[in-house]
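What follows is a pair of complexes built around subunit A, which joins subunit B in one and subunit C in the other.
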Partner chain A sequence: MNREKIGTITDLMKSRLTKPMQYYLDLCTRCGLCYDSCHVYYGIPKREYTPVGRAETLRRIFRKYFRPSGRFFPYWGEARELDDRAMEEVREAAFSCTGCRRCMVNCPFGIDTGYLMTMAKLMLIGNETAPEELVILADSAVEKGKSIGEFKEGFKSVVGDLEKIVQEKLGRSSPDGLIPMDNGGASVLYAGLAGAHSIVNPAVIFNAAGESWSLSFFEAVNFGAFLGDPEKMQFIANRIVKEAIQLGVKELVITECGTAYRIQRHMLGTLPFKVSSIVEVIDRYLREGRIKVKAGAISEPVTYHDPCQLGRNGGVFEEPRRIIGELCTDFREMTPNREHNWCCGGGGGLVALDNEKFRVQSGLVKRDQISATGAKLVVTACENCVSQLDTIKSGYGMDVEVKYLTELVADNLLL
Partner chain B sequence: MLDLFAYIVMVPMVYLAFILFVAGMVWKLVRVFRSPSITGTLGLFPRELPRPLAVARDAFLVPSAFRKDRVFWVFIVAFHAAVLFLILGHCELVWNIPALQVIPHRVFLGAGSVGMVMMIGTLYFLFRRFGAPVREISVPEDYFLLIILFLSILFGSILHLVDRLGIGAMHVPVQAYREYFAGLLTLNPRLPVMVSYSPHYAVMVIHIFFSNLFIMLFPFSKMIHAVFAFFAYSTARR
Partner chain C sequence: MSEEIKVDATMDLKGLKCPLPIVRVSKKVKDEMQVGQVLVAETTDPGAHADFPAWAKTSGNEIVKVEKGDVSKFYIKKLK
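Moving on to the complex of A and B:
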């Protein structure tokens, strides 16, 4: 690795030296308490898949270039120089981490390894070894944000087709206006995903509740965050913020995407509108009596997977349980659950990568958790989680069905 | 020659350790405070307690360790509680603190138990690193710090226990320590005869040597967790 490349990478590291990064990089005592708190380590018990193993991969390079001990006495903390092999290890550390932050709960200091990995991901961008898939997805999302005019008409015609499905589900006489867009004066701006299910099911629910809403032109998913590019992350998040401000909505509702919810709700600071998850909104509609569901419609055993970004990193724990409680007669909690829940292994953009074998292996603990409940239906509220749970299901040949919470609600509405 | 070594350890090295400690801590803190803040929060959920209480719970009860490893947790809590007593005990060697004599005791606090707990704790922390999986993540710094800490506590405990138990009629009066520290504090360093001619002297020099070394390394090693841990708790509970 030449000096120029090393300079590029260390400059990028420097750019990520925020307050928390400074103390997270220095304070680990390597006590080992986090060792087995990563789902990947459960499935593939190797040091590099432990939270401390991942963090030390980064810290050893960091010490070499940013700490006197690493410069003058590299053996003291096993500081290491940047080279291709080190960067391979950085990639393995960063893109085997879903950013679920379960290790943060199990660290006696609360070190956020997921946050440390954002520095590792940025180093990979500098080294031009970031996963190609994520680079393309992030770039195309940014491109769409820059030239939305070109995309609007095409998107509107696709949505027109979806309105017919919504019409059928709602039993309405006309599909017109069932998925409003550019709806100035709406109370709610809803940001969905590319998949039709993320628009159709919420549209059914919004219409049933008589909500004044508007569908965002943008996908909520933030490939900039998955890639670890802070500028692209900000751009992708802010295009939705701008749209919400333009329309003058009171609330931005995020689809079943944990990362999108966490970023819009918790990572952008104070915004002039409220940010909610669709799960919170459904729970609110139910409590206010704006929608009604077929109580106890599902009698088979059901379990709920807490998406990490929605639960421990987002604070939405009880709402999905209340909703499922209305619909299902045999709800079974996974052990552990809520903030201690195991990650499924799909977050951090990992489901977008060509790594299915790895994800099946790292999903072992989730397989065990689901099997232990005896549930036949696994409900969750995150696109990445559903994709990964399906991978686990087929990888281990499990006899379960995986469903979105919105789908469960939309299919069981009392209209 | 030995006298010179002893003097260097007892006076210039103490100043050097103090300067490095203060300058290092200030430097570390300034660097954190001058770094950019983040937008939003890195906090965890649920938020059951108000932030200061949650931080206090995380710092003093270490719930994550309690959940994961009860034996380790007992050692963590006992060791860190002993550190508090150790600091108070040393303060009494520097100043007369009447408030601490609410429960009348002979200096040092704890009648030797503080050093014992810390020695056993340090050995536990050290031996833990000899086995998998902690061995795989340990680096020389981890062993080195624990070894010098153990040696410092060992010689400090010998100093105290031999005196307390009157073994070999070895005794250094508290007043002699206070005179020594007063000299250091007023930049008029002197080695009272009761210290430098005491049969304890060699043990004391070794104790202070390892303590100096530990204090010097404090800001530049993982020992910084003593301060940074509170920043991290505060971030996690925001």
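Moving on to the complex of A and C:
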């Protein structure tokens, strides 16, 4: 690795050396409590798949370039020079971590490995070894933001074709259309994903509640965050913020995507509108009597998987449980749950990578948790989690069905 | 009369969850297609109608034809 590349990477590290980052990099007693917090280590018990193992990969490089002990006494300071091998280890650390932050909850010092890995991901961008899949996805999302005028009509036309599905589910039509877009004066802007399910089911629910809403032209998911590129993350998030401001909405509602929710709700500072998850909105509609569901419609055993970014990192725990509680007669909690729930292994952009064997292995604890409940239906509220739970299901041959919460509600509305 | 496009490969992306359609198409075009060849990507995602053109623009490839339907078909020509 040449000096110029080392300079690029260390400059990027320096750009992320906030006070919390320095605290996390300097402070670790290696007590090892985090070992048993990580779903990856549970499935693949190797040191490199522990939170402290990942953090130490980064810390050794940090000490070499940012601490006198590592610079002048590298052996004593356990420092490591940047080279291709070191960067391979940084990549393995960064992209074996989903950023679920379960280790942080269990760390006596609250060391946030997910935050540390944002520095690791930035170093990979500087080294030009970030996963190509995520670079492509982030660049496409940025391009979509820059040239949305070129793509609007094509998207609008296909969304129009979904009207008939919404009509069938809802049992009625509307002269103004059931999936409004560019709807100035709407109260709600809803940001979905590329798949029809993320548009149709919420559309049924919004219409049933009599909501004044508009579908966003942009997908909620933020590939800039998965890639670890702060500028792209901000640009991708701001596409939706700008659209919300332009339409003058009071509330931005985020689809079942944990990362999108956490970024739009918790990482953009103060916005001139409220940001909610579709899960919170459904719960609100139910409590206000704006929608009704078929009480106790589902009698088979059901469990709920808390998506890490919606639950532990987003604070949405009780809303999904209240919704499921109205619909299901045999709800069974996983153990542990809520802020201590195990990550399924699909976050952090990992579902986009060519790593299915790794994800099946790292999903072992989730398999064990689900199996212990005896549930036949696993409900969750995050696209990445649904993908990963499906991978776990087929990887271990589990006899369960995985469903989105919105799908469960839309299929069981009293209309 | 429109000129018939010679198709070199077809990919079934129906029902795949976010973000796999773009990931799979991108990998296929990069690793398995020759410059000038055409891939037909079949998808049920409405979002693909904005996502695929944006991807083509950033990756320097061309969408030469789109057949819209319950299953939409994107004819993607590898340009580089």
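By definition in this document, the second predicted complex is superposed on the first by the 410 of 415 C-alpha atoms of A that agree within 3 Å, B and C clash if a C-alpha of one lies under 4 Å from a C-alpha of the other, contacts with A are read in each partner's own complex, and residues count from 1 in each chain.
Convention: contacts are C-beta pairs under 8 Å (C-beta built on N, C-alpha and C of every residue); 3 or more make two chains touch, one makes a residue touch a chain.
Note that the structure is a prediction, hence the values are computed from the model and not measured.
Judged by the touch definition given at the top, the superposed model places A:Val221 against subunit C, while subunit B stays out of reach. In the superposition on chain A, A:Ser69 makes contact with subunit B only, while subunit C stays out of contact range. Look at A:Asp112: by the touch rule set out above, it reaches subunit B but stays clear of subunit C. Subunit A is touched at more residues by one of its partners, and among subunit B and subunit C that partner is B. In the superposition on chain A, contact of A:Met1 is made with neither subunit B nor subunit C. Within the superposed three-chain model, A:Asp26 lies in touch with subunit B and out of touch with subunit C [touch as defined at top].
Judged by the touch definition given at the top, the superposed model places A:Glu78 against subunit B, while subunit C stays out of reach. In the overlay built on the shared chain, the residue A:Ser387 is in contact with subunit C alone; subunit B does not reach it.
Listing the residues of subunit C that touch subunit A in their complex gives 17-23, 26-27, 44-51, 53-55, 57-59, 66, 68, 70, 72. Residue ranges of subunit B in contact with subunit A, taken from their complex: 28, 31-33, 35-47, 58, 62, 64-65, 67-69, 72, 76, 128, 133-134, 136-142, 144, 220-222, 224-225, 228-229, 231-233, 235-237. Chain contact summary for the complex, subunit A toward subunit B: residues 17-24, 26-33, 35-37, 47, 50, 52-53, 56, 67-69, 75-78, 101, 104-112, 115, 266-269, 311-315, 317, 338-339.
Those residues of subunit A that touch subunit C in the shared complex are 133, 136-137, 139-144, 147-148, 150-152, 154-155, 157-159, 161-162, 192-196, 198-199, 217, 219, 221, 223, 257, 351-352, 354, 383, 386-387, 390.
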